[in-house]
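Scrolling down, you'll hit the structures one after another.
There are two complexes below, and they share chain A, which is joined by chain B in the first and by chain C in the second.
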Partner chain A sequence: MSLRFLDLARPSRQHWLGYLLLLPAVALVALIIVYPLFVSLDLSFQKIGMATLNAPRKPFTLDNYHKLFTSPDFWNACWVTIKLVVVVSAACFVVGLGTALLVNNRFKGRTLARLFVALPWAVPEVIAVVIFAWIFDSSFGLMNWLFIKLGVTSQMINWFSEPTAAFWVVAITMIWKGYPFVSIMTLAGLQSIPEDFYNAAKVDGASALQRFRYITIPVLMPVLGVTLVLVILWVFRDFSIIKVLTDGGPLKATQTLSIMTYDQAFGFFNMGYASAIGIVTLILCVVASLLMLGRKSQAMY
Partner chain B sequence: MKTIGKRIAASAVAAMLVGAALPTAASAEVLKFVSWQKDEKGVGDWWASVIKEWEAKHPGSTIEWTKVERSAYADTMTTLFAGGTPPDIVHLASFEFQAFANNGWLEDLGPWVEKAGLNLDGWSGQEICKFQDTTVCIMMLYYGTIFGYNEEILKQAGVAVPKTYAEFLAAAKATTKDLNGDGIVDQFGTGHETKGGGGQYIAEMASYLFDAGARFTNAEGEVTIDTPEMVEGLTRWKTIVKENLTPRDLSAGEVRKLFADGKIALKVDGPWIYSIMQQGAAKDKLKLASVPFDPPLGGSSNVLAMPSEIPDEKKQLVWDFIAIATSDKFQTSFATLAASTPPSPRADLTEAKAQIPHFNLMVESQKAAAEHKIDRIPVGLEVQFNEFSKMIQEEAQRMIIEDLDPAAVAKTMQEKAAALQ
Partner chain C sequence: MERTRFQSFALYAVLAVVCGILLFPIYWLFVTALSTLAEIRQLPPSFWPAEPQWSTFTKVAFERPILLWLWNSSLAAIGSVGLSMIVSVFAGYSLSRFSLRGGRSLGLFILTAKMLPATLLVIPLFGIFRSIGLIGSLWSLVLAHATLIIPFTTWMLKGYFDTIPRELEQAAMVDGCSPLGAMFRVVLPVATPGLAATALYAFVLSWADYAYARTFLTNAQGSWTANLGITTMKGEYVTDWNEISAAAVFIALPILLIYLFLERYLVGGLTAGAEK
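On to the complex of A and B.
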């Protein structure tokens, strides 16, 4: 009786095998993602400094959220995060799409050009940050030397001590690191467009701009939609570039939500408050993803 | 019969195995020790010698020594403690142990010190380890700053080795130069890290503040930032940074390298600057002297502690490790191996003084700083130090970026520091 019950070859039991095979992955995800998420959610409703897993639970409170929503630092971090998301995502799209269109053409040295387009993606993030930190070094950096030689400025720019300059250094580093992803995704999308589409359009007398507007963009829309969501999420949660370059400064000009979460958790040991910031960030990311996935990725269909 | 025989033989073998295993299991322990100093030349060698001694005294037992980078250290230790798996021997920076002690994670070492008869009188910086009337750690390094200068640069600028802040400022201004006339400063009067975290930022400012007579708090832990002395100290700091007498936005290591390579004329730093000087391109032009600030900046560096929630038998083993590290013999070897001032007043410094020409400078500086109870961590703000130092860093940066009046900045700092307490 019991053996027949476990017979996964029976048509009515076949779907069990699927569940069985998925079980280890589900258990792993539950352990390393869902469980910490619940712990974090629980911590966000406790007034707690340093957390200990086996410590008794502290009383339920909304203090962390009240403190968060009345904190100018939180709203500043939201504003900085949004600014970065808009600037970096838009620039990544323009540069990524442009380079993808460029290397999609047939020309001599195309393989090398494709390699250079993808190179920033292959460079580890910390190395990329160190390179940019030296380029923008306020006393000995290449950028200051170039600016002075070209007559753009007469004195050294303190790239990491001026709030606006520091923001742009972070944004430029992120764009350099992020655009190849858009480029690679778009290139894959471009290569899936049948040549017949363009030939037919040419026969109909469509210009290059019209072919781009009415064939390339609509066909690429699903790819661009998903890519946009991924880029936004990447900028939203990116930590290492900002941490290494500016540590959120100066004067919180580059303090995003992820940097604020880290500072509160491991800098000031306010785990409950940090968890509240983390939960709010998560909600914002989910909402952004739903909005983007709901619209852009299905635009063509 | 055959079965009974087999059973007897098996029981005998099992008894032998258990008998052989029992003493080993009872005595063999592995203590976990996490430190950021493992690969540091000098001090790392000293820790290795302490471990070797401990293992010789506890045959069969070992110390599992793991390196964690300083930048990730607090995060790692927090995670280990939070997960209930702290290292047995706790090594922490002196500006971060308070948060761990505040959470009840560190053992009160008072009874251990008393039982062992360890005399901590005159132990430099040890009072910092007193947390809410309990001794939660033993200070492993409390240093006084020393002063490095580039003799050639000073000669070229026609200035003498500075002995006061006024002379220091004049020398820094005279030696900050654009050597090739391209509009870019190639040589700086002095060097400070202005890019790192709040703790380092305070340490960089501190010489100017303390020399002006400023203190963040008094002996009772009351905030004393809004004073004329602090305004003077902040004015000095603003002058140094705003007038570009220091390179901007570099890490402490990068600034030290510039000094060692002859791009910076004057540098106030910890005892470790000597070994960095020895590796630089300007090695032969660099000299050491007394710090032109009174009192010199002193700094507690790192501490040894014990987790409160480990078994008692392990606590005894950890204490044995601390006892070795604090013994006269190893405090003496600390001076020679780490080329630094040991906290123990009983360490024999004869050999260190013979080996290291400037050792007396370090001893005098450490003594002067300790006597004035100088430390970058203000009394009464120990637990909130990270938040406090970040606030001080931001307000000082605001003063420079927005060209604010130091008096107004001191007032803001006072209010924010008081609110933190």
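On to the complex of A and C.
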């Protein structure tokens, strides 16, 4: 074989180089993401406690899925997940959009303000949990003091043993951690709107509200669509915040599908069953994002 | 657009209130770390410590394994960022420069990984790592974090390479450079800021992980990462919120500083990765 075969500089061979450069990433993704995904799918059809590769395959069964759909815990987890997705995404959007519009104004110190409104983005999730666990501490937490001071309640609330309260603590922590992403994305979108649009509209006599309604919102729509999908996926799949903050409790009030998957796999070592929950979660994620991306692309035309 | 004095004042007032509320948790973390235990346990709470207790930081650093945990987090991050950067520089370059048949599909194939729930992926990875003896080793995190990082870095770098004119390496090739040589000697040096921003973003992703560390490292205390370690402090020393806060400052500070100094680049990466 002549060495000319390896001469990738030749135009006819150039695409070889392209594939070659792509190969390591594709191979790695196949090995550590796609192959494990198929292992999960396979596990979900077996009655298996502990996953190992060298053990002989257990017989095919649909038991895991049957058990899943007849389990009240699963429907509870679905309900908790949906509640959390709705509450957290909606609030992240309100706060994120609001802050983005606020710092998009022209004023002195704008750069600094932009830096600050998105700062929680840079706090690792576990650290956000530490902060909010302390703020909502039942004995000396700031929130109890504030609630009493404001006259909302007369006695200390034990935030982590009361189902509704615990749900809101989780939601607030996630909102605080999640809104900067919306803020950052919206701001990037706002900055891509040429000033001329607004000037032209002003010449035509459009009011501030009209300019917002007919210029800002339509231009932002695609960005907001993608951002919404990503925020929803994030809430859907998040593990760290809930696991560390409430561990799914009290009385499963904060047990989402992710937490249930994890607890079944590593708390009770039902890895087959856990994989089935995980696969269902994945399908829900894919369906949700396809539905919304589909809507978005329709809105664009 | 001119504002009246009143409008300007209102704008700053709203801004101050909003920032005050949103940033308060971060402020409170620092205040708690600097307070004495007595100050923490008093009502009404003190919003500024009478005598800032800097010694809490040294105490936590030397009496708890926090430095070891930070070291482990750094090792895992360096490993996973290194691995991810190597493969995604090549992949991003390829996606940017070659219009390959099926290239876009392969790129999207890499991107799909972003959709997977970590709690699903962690089960088979646990089985695989157990079979090859990686449980308890930081190498398991290097590989697992690569699953988080590669989809982002590949597309961030593709976007970055797209902004560099092709004429640059064409000129180099006319001068006798090989295609790979042109990439290494001409494109990558020009792309250094982009590479640095991407690597920092990847570092943030690895640094923040908790799920994989909790699953793969629980049995080997010596290999715990910072995020894993601090959650055990929370259980064990429930009342010592000043010490936990000081440890939390150690963990959050590197990323906060990176963000404050390099916000532009990180934000650029965040928005670039999400557009796809």
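In this text, the second predicted complex is superposed on the first by the 284 of 301 C-alpha atoms of A that agree within 3 Å, B and C clash if a C-alpha of one lies under 4 Å from a C-alpha of the other, contacts with A are read in each partner's own complex, and residues count from 1 in each chain.
The rule is short, and it goes like this: a residue touches a chain if its C-beta (ideal position, glycine included) is under 8 Å from a C-beta of that chain, and two chains touch if they have at least 3 such contacts.
Since the structure is predicted, the reported quantities are computational estimates derived from the model, not experimental observations.
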### Query
Here chain A is shared; do chain B and chain C fit on it together or clash?
clash
### Message
A:T70 in the overlay: touching chain B, chain C, both, or neither? Say first, second, both or neither.
### Response
neither
### Message
Under the stated touch criterion, name the partner, chain B or chain C, that contacts more residues in chain A.
### Response
C
### Task
Using the superposition on chain A described above, determine whether A:N54 touches chain B (first), chain C (second), both, or neither.
both
### Query
Who does A:L233 touch here: chain B (first), chain C (second), both, or neither?
second
### Task
State whether A:F140 touches chain B only (first), chain C only (second), both chains, or neither.
both
### Query
Which holds for A:F266: it touches chain B only (first), chain C only (second), both, or neither?
both
### Task
Give one of first, second, both or neither to describe whether A:I33 is in contact with chain B, with chain C, with both, or with none.
second
### Task
Identify the partner contact of A:P250: answer first if only chain B is touched, second if only chain C is, both if each is, neither if none is.
first
### First (chain B), second (chain C), both or neither touched by A:T164
neither
#### Entry: Listed stretches 77-85, 113-121, 167-175 or 275-283 of chain B, narrowed to the one that overlaps chain C
77-85
#### Entry: Intersection of chain A interface sets (partners chain B, chain C)
50-54, 137, 139-140, 145, 149, 266
### Message
For the complex, give me every residue of chain A touching chain B.
### Response
49-54, 137-140, 144-145, 148-149, 154-156, 158-163, 247, 249-252, 263, 266-269
### Message
Please output the residues of chain B touching chain A within their complex, sorted ascending.
### Response
74-75, 78, 81-84, 99-100, 102-103, 105, 182-185, 188, 194-197, 244, 247-250, 384, 386-387, 390, 393-394, 397-398, 400-401
### Query
Which bits of chain A are touching chain C when the two form their complex?
8-9, 14-15, 17-19, 21-22, 24-26, 28-29, 32-33, 35-37, 39-40, 43, 50-54, 95, 98-99, 102-103, 105-107, 113-128, 130-135, 137, 139-140, 142, 145, 149, 176, 179, 181, 184-185, 188, 226-227, 230, 233, 236-237, 239-240, 243-244, 257-259, 261-262, 265-266, 271, 274-275, 278-279, 281-282, 285-286, 289
### Task
Mind listing the chain C positions that touch chain A in their complex?
1, 8, 11-12, 14-15, 18-19, 22-23, 25-26, 28-29, 32, 40-45, 83, 86-88, 90-91, 93-95, 97-98, 100-101, 103, 106-107, 109-110, 113-128, 130-131, 143-144, 146-147, 150-151, 154, 173, 178-180, 204, 207-208, 210-211, 214-215, 227, 230-231, 234, 241, 244-245, 248, 251-252, 255-256, 258-260, 263, 267, 270-271, 274-275
